[in-house]
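For reference, chains read A, B, C and D in written order, and residue numbers begin at 1 within each chain.
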Amino acid sequence: MPPDKLMNLSDAIDIINNDDEITISGITFFRNPISFLTAIIKSGKKRLSFIDREPGFGLDMLVAAKLLKRVRAAMATFEHFGLSPSVRKGVEKHEVEYLEDTCGAVVAGLRAGAQGIPFMPVRGILGSDLVRIHEKKGTWKVINDPFTGEEIIAVKAIEPDVAIIHLHMADRYGNAVILGPRYEDELKIKAAKKVILTVEKLVNEEDLRKRNLELLSANSYRVEAVVSSPNGAWPTGMYPYYRPQYKAIKEYYYYAKNGNALEWIETNLYKRWS
Amino acid sequence: MPPDKLMNLSDAIDIINNDDEITISGITFFRNPISFLTAIIKSGKKRLSFIDREPGFGLDMLVAAKLLKRVRAAMATFEHFGLSPSVRKGVEKHEVEYLEDTCGAVVAGLRAGAQGIPFMPVRGILGSDLVRIHEKKGTWKVINDPFTGEEIIAVKAIEPDVAIIHLHMADRYGNAVILGPRYEDELKIKAAKKVILTVEKLVNEEDLRKRNLELLSANSYRVEAVVSSPNGAWPTGMYPYYRPQYKAIKEYYYYAKNGNALEWIETNLYKRWS
Amino acid sequence: MPSRPTDMMIKCLGSFIKDGDYVFHGLNSIIPQLAMAYASLYLRKDFIWHGVTEQFMIDPKSFKVYPSSGDPNSGKDHLGIVTMVDAFDIASKGLMDLMYFGAAQIDEEANINLSVIGDYENPRVRLPGGAAVAYLYPLVKRIIIWSRHDPRVLVKKVDFITASGRRRIENSMETLLCTNKALIEFTKDGPILRAIFEGLDVNDVISSTGGMRINLGSEVGVISSLSSNELEAITSADPDGLRYEENYG
Amino acid sequence: MPSRPTDMMIKCLGSFIKDGDYVFHGLNSIIPQLAMAYASLYLRKDFIWHGVTEQFMIDPKSFKVYPSSGDPNSGKDHLGIVTMVDAFDIASKGLMDLMYFGAAQIDEEANINLSVIGDYENPRVRLPGGAAVAYLYPLVKRIIIWSRHDPRVLVKKVDFITASGRRRIENSMETLLCTNKALIEFTKDGPILRAIFEGLDVNDVISSTGGMRINLGSEVGVISSLSSNELEAITSADPDGLRYEENYG
């Protein structure tokens, strides 16, 4: 069998270096790797960059803890509750650099990263002021389709240093299964240079072999660490295992709006996972 | 519910027009839509083009029946038994035009077709004489990565007129599941202008809902026809339902090598599905 | 009893769904979700209901909104997972029929701003960002925007073009705006008032903008208040009244 | 008793697999499959075994070849499906460790021909085509080619370059050829004989080519005949002897 990659949270944290670009699983209030993000906050990692498509709770925690120097996302929202409180404040106070992206382009960049190609063409977008911003950053370029000459945007490959993906089950080697919504998480697993899985259920080979007509969401070759973390997405939801705790999320929202996000995190998350 | 797309083989054939470009599911001796290809041969459709990555039995039948004016494939083989007998003869006698492709480029073209973008970059390949052939055809072009200037091949999007996909189960609307190996079939479903599914098991919504944490291989929005066709891949294999009939395939191989493929097809396939 | 503007908006948005449509919704979309529920449960429209939950749903028997529009517990009748990435590809091929987008600002050329109020580098307000709108706005066949009918929203020129309306207008792709007062269509001749909510005054409606000139259509329709059955369909999907907390009245 | 050349080839090919490797095989690859079985069942190498069956396999307890190398009945111990497309992407990122490719012709610059004998437009023989080789040959870290040791195969210049060896050689990517007589390495100084099968004569081996000059290495090793255990491991995966029908002796 390949090397055993099972480790505890505090060892897995060491895979992340200061200044790394990270990406996380899920969307706003679903399948965020909260146990791991809590451990990052405790660890004192510094100057991380963050890239994701539609983050919410997980991103806000990191901005509140001032671990991030840069955020790239298509949307950062607390949906019904309001704007992502710490992200909004952090950007307006210039504490964190913010590069707004758009869903199709984030997916295109991750696809290029996953496929091992330098860029990916993507339709739409033209006319948006985002084009100017990204051309300046060097992340997009308007090119001509070599066959028809048509203008189209090329998105530079996105290959985050580390993808932290919370999912339903994996064996100790990193062969894993996501149930239900995938979002773009399987692309993140393929595009990232290193992959850390935090999992609800640690399973053995026999459990996986029972599902052997299905596609694996991750395989051992791509995975650096597997961390057993039941309830690791709390308070975000883990369909179909558990629902998001909207009451807790709303409470966090008001704490964060008042500049007390870290107090909430310490009280509610620090001792939740060991 | 969306329109019922259930039809019998002879009605589904009408979806294919003369001169269409078609693609089929599976590889050499697995999951080929043989019942449908047999119906095409009986129908007298003409001047079809054929595109696939690693075809075998299904392609050879069509070439033997002289329905094809053009073949584009990365490999056409009868594996252990030898060269694809009718393809070899057809090409050497100039009865069918043959454009050799390579796996990564076929996948890239189908990906572009599936994603609705005009072309897809692909690594590797450079230095192959295939580049010259494809640049002449207008299917590939050597371009420069807009970010680094590096030379890379752009493959023009592949959007076959019709994809004929044999798979394990679908409802009458076209929501479908493939078990086990996918090959590039889900890309073909997404890239083609029209999709015909031939299926081992016609299921109802409740059967699908039981699998509702899994990804659908096809959904009703993309599907034009659903044909119930148990054993429809015979003599190719349908893992895990039934194995390929190597004895029959080998027999066909020798018939075809001696120019008698159609005799074998008439005897063994014409009456197998109604 | 006149209906609440929120429910009128939902009715207005839902009325654009046709049989056979492929309709997709994003995050932060309680109002569109309820419009889809209205179209499905009350109008009995037969359409593909897809969204960020990635559940491929047709003809759901029931539905319930939550504070997240990505909550997979909202609908239970789906057939399987079709990824959002896949839906984006369908849109990229020009095959997506209908989507709803919100707007923090929208201008006469149907440009949408969801990025910043003020300057991009030095924003007065950092908004959540446009999510898929920059990408999908030029691609989806019909788009219905929802927003508050407010001078800060309906402007002459947006502060930042998150999504450009130019190609939509040039290519005559149906683009409508449903506010909590009226229905406006974007055309080559600028925004045109198509209908107002029952009980409102046309002049009030067209004057309460922040610079957006709204022309009168040859005919200005009236969107009538909801019947008890209509309201019941919406309420069945939002028994807790989350929709009223979205500040559309 | 000297071993059959087919089994010697399998042993030679299998000996290149290391612990931790990601190894992928294509269609029409009974010989490589048996080399992987030899490495797994006899050498007990701990590697990822992947191929056109799309089964992600580690440490299989048993294996059996069939006339198609894409037969999913060959291995039963897999953990789930990982698509071929996914494997191609792993290769595109430069992370695929080892692949095997066949060759109808191979030349001094390690160019492979699997397309046509004669002219592309007017072929004397239309071969099956190169499948993934054009794509993957410049990308995979280590590649071992298998072919017959035959003047028609080992040529000075191939009729058609299906896959170009230039970049491999320039970038010193390990590229070896295992025929049914010998092991040859492609280097910047041309093909070099690294080992011959037990009982064969070096001069016989280097002279029986169709123009390919094979230089002698500083040392020419000998690949010894198989022990009964080695042969047994291979035979367990090919009880019907399909490998001997592949015409390598």
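Going forward, a residue touches a chain if its C-beta (ideal position, glycine included) is under 8 Å from a C-beta of that chain, and two chains touch if they have at least 3 such contacts.
All of these numbers come straight from a predicted model, not from anything done at the bench.
Asker: Count the C-beta contact pairs for B-D and for A-D, then tell me which is higher.
Answerer: Of B-D and A-D, it is B-D that has more C-beta pairs in contact.
Asker: Which whole number of Å gives the spacing of the CA centres of chain A and chain B?
Answerer: Here chain A and chain B have centroids separated by 36 Å.
Asker: Distance-wise, how many Å sit between the C-alpha centres of chain B and chain D, to the nearest whole number?
Answerer: From the centre of chain B to the centre of chain D is 28 Å.
Asker: From the C-alpha centre of chain C to that of chain D, how far is it in Å?
Answerer: 58
Asker: With centres defined as the mean C-alpha position, give me the chain A-chain D separation in Å.
Answerer: Computed from C-alpha means, the inter-chain centre distance equals 40 Å.
Asker: Where in chain A do residues touch at least two different other chains?
Answerer: Counting only residues that touch two or more other chains, chain A contributes 115-117, 122-123, 180, 182, 213-215, 240.
Asker: Which residues belonging to chain C are in contact with no fewer than two other chains?
Answerer: Residues 55, 81, 83, 91-92.
Asker: Please list, in label order, each pair of chains that touches.
Answerer: Those chain pairs which touch are A-B, A-C, A-D, B-C, B-D.
Asker: For chain B, which residues count as touching chain D in their complex?
Answerer: Contacts found on chain B: 27-30, 54, 56, 73-77, 79-81, 83-84, 87-88, 91-92, 94, 98, 100-105, 107, 122-130, 133, 180-184, 187, 237, 239-240, 243-244, 246, 249-250.
Asker: What residues of chain A sit close enough to touch chain D in their complex?
Answerer: 1-3, 114-117, 171, 173, 175, 177, 190, 205, 208-209, 211-216, 219-222
Asker: For a test of understanding, state which residues of chain D touch chain B in their complex under the given definition.
Answerer: 27-28, 30, 52-55, 66-73, 81, 83-85, 88, 91-92, 114-115, 120, 122-139, 160-167, 242, 245-246
Asker: So in the complex, which bits of chain A are touching chain B?
Answerer: Contacts found on chain A: 111-112, 115-123, 138, 141, 143, 145-148, 150, 152, 154, 156, 179-180, 182, 213-215, 240.
Asker: Using the touch definition from the top, list the residues of chain D that touch chain A in their complex.
Answerer: For chain D paired with chain A, touching residues are 20, 22, 46, 48, 55-56, 58-59, 77-83, 86, 89-95.
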